[in-house]
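What follows is a set of structures to go through.
You will see two complexes here that share chain A, one where it goes with chain B and one where it goes with chain C.
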Partner chain A sequence: MAGFGPATAQTVGDTPVRGGILNANIQTEPVGLNSAINPTMFIGEVASKIMEGLVAFDADLKPVPALATRWDVSPDGLTVSFDLRKGVKWHDGKDFTAADVEFTLKEVWQKLHPFGRSAFGNVTEVETPNPHRIVLRLSAPAPYLLSYINAYGAQLLPKHLYEGTDIVNNPYNLKPVGTGPFVFKEWVKGSHIRVERNPDYWQKGQPYLDGIVFRFIPDAAARVVALQSGEVDVSVGSALPATSLGQFGDASKYAFNLIEGNYLATIAFAQFNVRNAPLSDKRVRQALAHLIDKDALLKVVYLGYGKVATGPVPSSIANYYTSDTRRYPPDPERAAQLLDEAGYKADANGRRFKLRIITAAGNTQNARTAEFIKQALGKVGVDVEIQVPDFATFLRRVFTEQDYDLMVSSMHRMPDPTLGVQRIFWTQNIRKGVPWTNGSGYSNPRLDAIMEQAAREADETKRKAQIREWQQIVQEDVPLLELVEPQWYTVSTVRFRKLALQGDGLFSNWADAWLEPKK
Partner chain B sequence: MTRNRIPAVARFLRRRIWQVVPVVFGIALLNFLILQLAPGDVVDVLAGEAGAATPEYMAQLRASFGLDRPLPVQLAYYLKNTAMLDLGFSFRQNMPVLQLILERLPATLLLMIAAMGCAVVSGVVLGVISARFVHRAADRAVSVFVLVTYALPTFWLGLMAIVLFSARLGWLPSSGMTDIGADLGGFEYLWDVARHTVLPALSLATFYLAVYTKLVRTAMLEYFGADFIRTARAKGATETRITLFHALRNALLPLMTMLGLQLGSILSGAVLVESVFSWPGLGRLAFESILARDFNLLLGILLFSSVMVTILNIFVDVVYAVLDPRIEL
Partner chain C sequence: MYPALLKELLRNRSALTGLILLALVMCAATLGHVWFPGDPWDMVGTPMLWPGEDPANPLGTDIMGRDMATGLVSGAKVSLLIGLVSTLISAVVGITFGALGGFYRGWIDAFLMRVTELFQTVPQFVLAVVLVAIFKPSVATATFAIGIVSWPPTARLVRSEFLLLREREFIQAARTLGMGDGRLILTQILPNALPPVIVIAALNIATAIQTEAALSFLGLGDPNVMSWGTIIGNGREQVVDAWYICGLPGIAIVIIVLAFSLLGEGLNDTLNPHLKER
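Entry: the complex of A and B
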């Protein structure tokens, strides 16, 4: 998005101004504020201002210190140690120590967090030689571990308020006590959450803002007006419809930030139910892949906000991404030929077979993608019926009843393929009734072996090679059509500034954010 | 109301309130059974939103929410709680259902009463004008006006009002019920809430306005030809007096019937208008609880509104008797 280059720069500044209340808007009101048990992004977008993690991720997704000041992985990959920041206090005045980290890791991340169970699964022993040092002993190397220790992937909880309680229903999940730059003040359900400056924040001089009000505006068009009328200063995490972004093109008034969601590494895709004929035939899936013009899809449905996806690992995960995978350029003739070979010849009316595309109601882009696919498939005689049930019904249909042919959705692939991507293709992760597991039913023992190897490979070069091969196998077998890497955008008035942009900026703590005085 | 009618009202209330109990209980049972037809449960949605889950964790959640128990057992628990007027706990929101409802109730009542009040008053005024000047320019103008407002979808009208009055002119706030940033007290607070109420209440009022206007117009035209009006004219009553005291009072009866029916919707709120204006009302709470399969909360809201609707209907019956002494309770 070359046109947004200059605008992007405006979100960053170097002369902070103190004071002022920031009015922020996110897409959906969260259900709680505990990211340590629930990785819904709307929770993280708010909770990250109050609660912190061990590190944050900079614009290149490299870890930078937060509550950990140093970290170290032993050459065999079996010991990971952290030096913790000294003099940090929880908002209720108690000291933050290694005991808090140990407690959250063992009792919360390992037991309750859906990614945490895998991310910290190899951790067998935790040592705390002193209150500011913690050492993890691993049963096997866990090269992905350091990618999950920010405020979103591994939020730290105060041991003294959670120990011995029912953690899932702990009242502090709704009025969190953290170490972050902002202190929780109030939550009026259906309206807003308000946080205030933490006067004792460990980063001296920060935060610059007196407070933040997160306002919940359920209607997308009303969110657009709220930013235009100045009732909201910043709209986070693609909360505005892409079709409205043209209204914020005036760079003297509005600023865009387009890298803050890179950490999530989202890909929009269409997933085949490979249990069903004719989709069980690889040639049919390849044929359908040849029918989707992803460039056109990106332009028509995403209005250019994103990139064409070329495989299961998004290009923003530069460490592991490879462009050296099989491509399926739009080619209806080749598609027809593949379908003929597979035995699905066109009948007298030119029709071949019928598919049902399912997508959850409430997401315009997914619905339009389904329509786009329907048109494309119709060209070679594949009829499509689009079904758009509500979210709960959609989940049941896809993951429990497995009653669908093609599912359109998007998933966060996260910075490390072992945790974010393996789950989609791994045979052992075909788990009836569990959302966002391997819902296609795809199973390839050779790929399973490579993914399992990559999960415990300490040698970075070898691991890269394994993950490259994994991407190539998946693109050959196409259990999923990887369509678009949508770009997460944050739109603000030019008054909103930050000292630095972060790759996990949706979950940055905004200690370094400020509001320029009104002109 | 004359003095000797008071015991009648008391008797009526005693009889009707006893009828409420089985009605509400039946509604509760029906609600519970119908909701079982919806695919998916609250744990599916929580796990789906989280973007990942493990089977162990989902099983653990279902057990702690009581969703692993057989349906008849769940039903028995629910009916027992209903009998004790315990609305239960919303596991999704991590709060008691009654607290969630009561937090939203003032906003809902304010919006709906403001909207209905506005619709009734202007409906009566416009209806009277129409009837008084029937088939003349004023009548036609009123007709066109109310039909246009009725035909426009309220959410669209609301959005356009926001675009004009908030974004363009900057006269009124676009969302919420109060100015969250400012800590206001006393009259300043009331003024702030009033400013926030104007656009949503007016948008919602347009939905009811046409019906009330047309009802009043038709009823009044009917009465203008009635014998008692002719008698009043013969007595030499002024046209204004005839319109307001003779025709209008009678025309209010059909209006009351319609209002009584629509009062039920007061408590279920107005999902679309609440969404457009970010109004923290019950309608959105109910709507979101359906999408989230948060059935404890949804059942609580449904039960709460059914109780209120039955009570409001009794109240409307009493008002009938006040307006028309011929009606027996």
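Entry: the complex of A and C
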């Protein structure tokens, strides 16, 4: 992490240069460009340059105006209103109005977006008193709503191109028409997506770039070479393997941006299947927690690029995070003692029981985490078999067949715990066959009540207290071992600059980005 | 016959080199854990130590601080095991198909050879990947998959030998004496058809070891067993910063494949009477 600090500052500048084509690279080619129906981050990373949301989030994850210029929440939390930007046009020349927002909310976010269903679930009525104002009436306060209205959480779609169509299969999902600083030009599958400067962009004078080419390079080692050779100017969203970052240490050539993924608030974890013995016993889970040295894991598997996680809410969500949770310092003796208490004594060979760890093929860090856990548990006589099926089998085994003991993965916790974290622990979210729900089978009525309260609590202070208690209960019961908050990093040449950093920068529209002239 | 064969093998330069290399690898596989004891998955040192940097890890450590030497020794065992067993599988299947087809000819032959061609038209490695992916990746499934994709050449070879031999006078004689099909195949024809099969088997082992390494490299190896392919697969991201993680097991694979290829060539020279004068 050493070279990271000063390098961060270099991605920001104050004297924009006009012109030039930016070559960018993301990890995986997206399947479409409609973030309003599919929250895969690779879609958002490209689509956010073409399509916009109501707000964006600044470096501290506070909302800043995008297509909404002003917003208000009534004191009782039941009315949320937005003033929309005037004079904004879709790329095909039609006006952007409140009707577009109403349509996308009712027909797309509420019906088709996986988080949108909960984020906008309380919205019962939508009023559009004039073309530039929209008022939402809620059945109960939804304090989390304002955290989901950026280009990634709630992308706006043009009503005139989507109304009355099969939205999921609409051809414009592949050639989007937006309001953003860049206009979609071409998509050569397997190669690149090209976008060009929008001359009529509402932010006068922007964008500075003439265009962007998103290059798709499937091999990680080739992505490293592409940035080194100057073929690519910026590599977004941890697209480079952490093991190669040492090659970009020269701060006169390369810059790191480390806050762009804060919005995702990702935590890597190992989830217990608490349905079956011995993992149904809290003491066993606590014992296993005492065996994982998270500092060593961070160092060995993540090469230090991240932070040790202390609970279900990541520390980057400063509003709600508490460090005041139960910790499980590495302590094999205490672990052995807890296992003995739970009745799982070591046999003549020192063995206690056997567990299966499952993780999806293709993610090196998760596979290495599984190997790390296997070694750690073996020390007190818990034998581990690692299983690495393909992604579809992995999801089926965990969420449909529930046929596993431990699962290693990572999940975006998002800026508000009610949407990003509650889904993992809520009894009502134990939904067979639905990926990324409560797959551990953990159920605690007291926690359920607290989470449900926090979801409709309009008073911010009370809500903070509720979410603090929630974190404490989860860390006491440990249905999941929260391991590491991985550091999202964007690596660029020093030529790539922006006016301001954003907490949701992976989905920033790059209107304020430019390339310094070659020296 | 066998001592004589061995003597002749030892006189053959490539066979001798092959045997020596093979003996070295066998030694590492069976006795290696005496020098490098412990679990190859144990994180014992600082990650990415170069060979020679720390006497405790003479061949260095990988990205997670696991001892390279222990891993290589464990890998030798896995590679040899998979190479031998999968070749045994492919030999048994290949000999059965070839023997029955060549001996009975007619529709049995036609049917068996169509099946063989079916396997030959699918690219071997792709089929192995599919098989391992369908069943869960483990040493057993990898061995099985490699055996199943590599038998067709053996089958065709055995068939051609049988087609030739079944018309020979000594077989006609045995048949006249009233010998049954089973005995004819097993005691008369097969022993005479075996020499080329042994040669192809030696080469098959080499291919099998490479295939296993390729499967592990793609992440389709047994996640609980440290093989050479696993080490290479784990190390490929760091190939610029620490080439030895891929390099050392790579050299090991070259040595063992070379050993079996040389041995196969030597066997061919010794067993094939037409090449005696070479």
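One rule holds for everything that comes next: the second predicted complex is superposed on the first by the 516 of 519 C-alpha atoms of A that agree within 3 Å, B and C clash if a C-alpha of one lies under 4 Å from a C-alpha of the other, contacts with A are read in each partner's own complex, and residues count from 1 in each chain.
We adopt the following convention: a residue touches a chain if its C-beta (ideal position, glycine included) is under 8 Å from a C-beta of that chain, and two chains touch if they have at least 3 such contacts.
This one's a predicted model, so the numbers in the text were calculated from it and none came from an experiment.
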So, after the overlay on chain A, do chain B and chain C clash or fit? They fit
Quick one: is A:Gly246 in contact with chain B, with chain C, with both, or with neither? Answer first, second, both or neither. second
Counting residues of chain A touched by each of chain B and chain C, the higher count belongs to B
Touching A:Asn349, do we find chain B (first), chain C (second), both, or neither? neither
For this session: Go through the superposed model and pick first if A:Ile386 touches only chain B, second if only chain C, both, or neither.
Result: second
Discussion item. Is A:Val300 touching anything from chain B or chain C once the two structures are fitted on A? First, second, both or neither.
Written reply: second
Task = For A:Ala221, select first, second, both or neither according to whether it touches chain B, chain C, the two together, or no partner.
result = both
* Partner chain(s) touched by A:Thr15 [first = chain B, second = chain C, both, neither] -> neither
Quick one: is A:Glu371 in contact with chain B, with chain C, with both, or with neither? Answer first, second, both or neither. second
**Prompt:** Once the shared chain is lined up, is A:Val168 touching chain B (first), chain C (second), both, or neither of them?
**Reply:** first
Smallest inter-chain Cα gap (chain B/chain C, superposed on A) in whole Å equals 6
Overlap of the chain B and chain C interfaces on chain A comprises residues 221, 362, 389-390
Within the complex, chain A is touched by chain B residues 38-41, 44-55, 57-58, 61, 64, 91-95, 100, 103-104, 107, 155, 159, 162-163, 166-167, 170, 173-177, 180-181, 274-278, 280-281, 284-285, 290-293
Seen from chain C, its contact residues with chain A in the complex are 39, 41-43, 47, 63-65, 133, 136-137, 219-220, 223-224, 234, 236-241
Residue positions on chain A within touch of chain C in the complex are 220-221, 224, 241, 243-244, 246-247, 296, 299-301, 361-362, 364, 367-368, 370-372, 374-375, 378, 385-390
Contacts from chain A onto chain B in the complex sit at residues 21, 23, 31-32, 38-41, 112, 114-115, 117, 166, 168-169, 171, 173-174, 188-192, 194, 213, 215-219, 221-222, 225-226, 228-229, 231, 362, 389-393, 395-397, 400, 411-412, 423, 431, 433-436
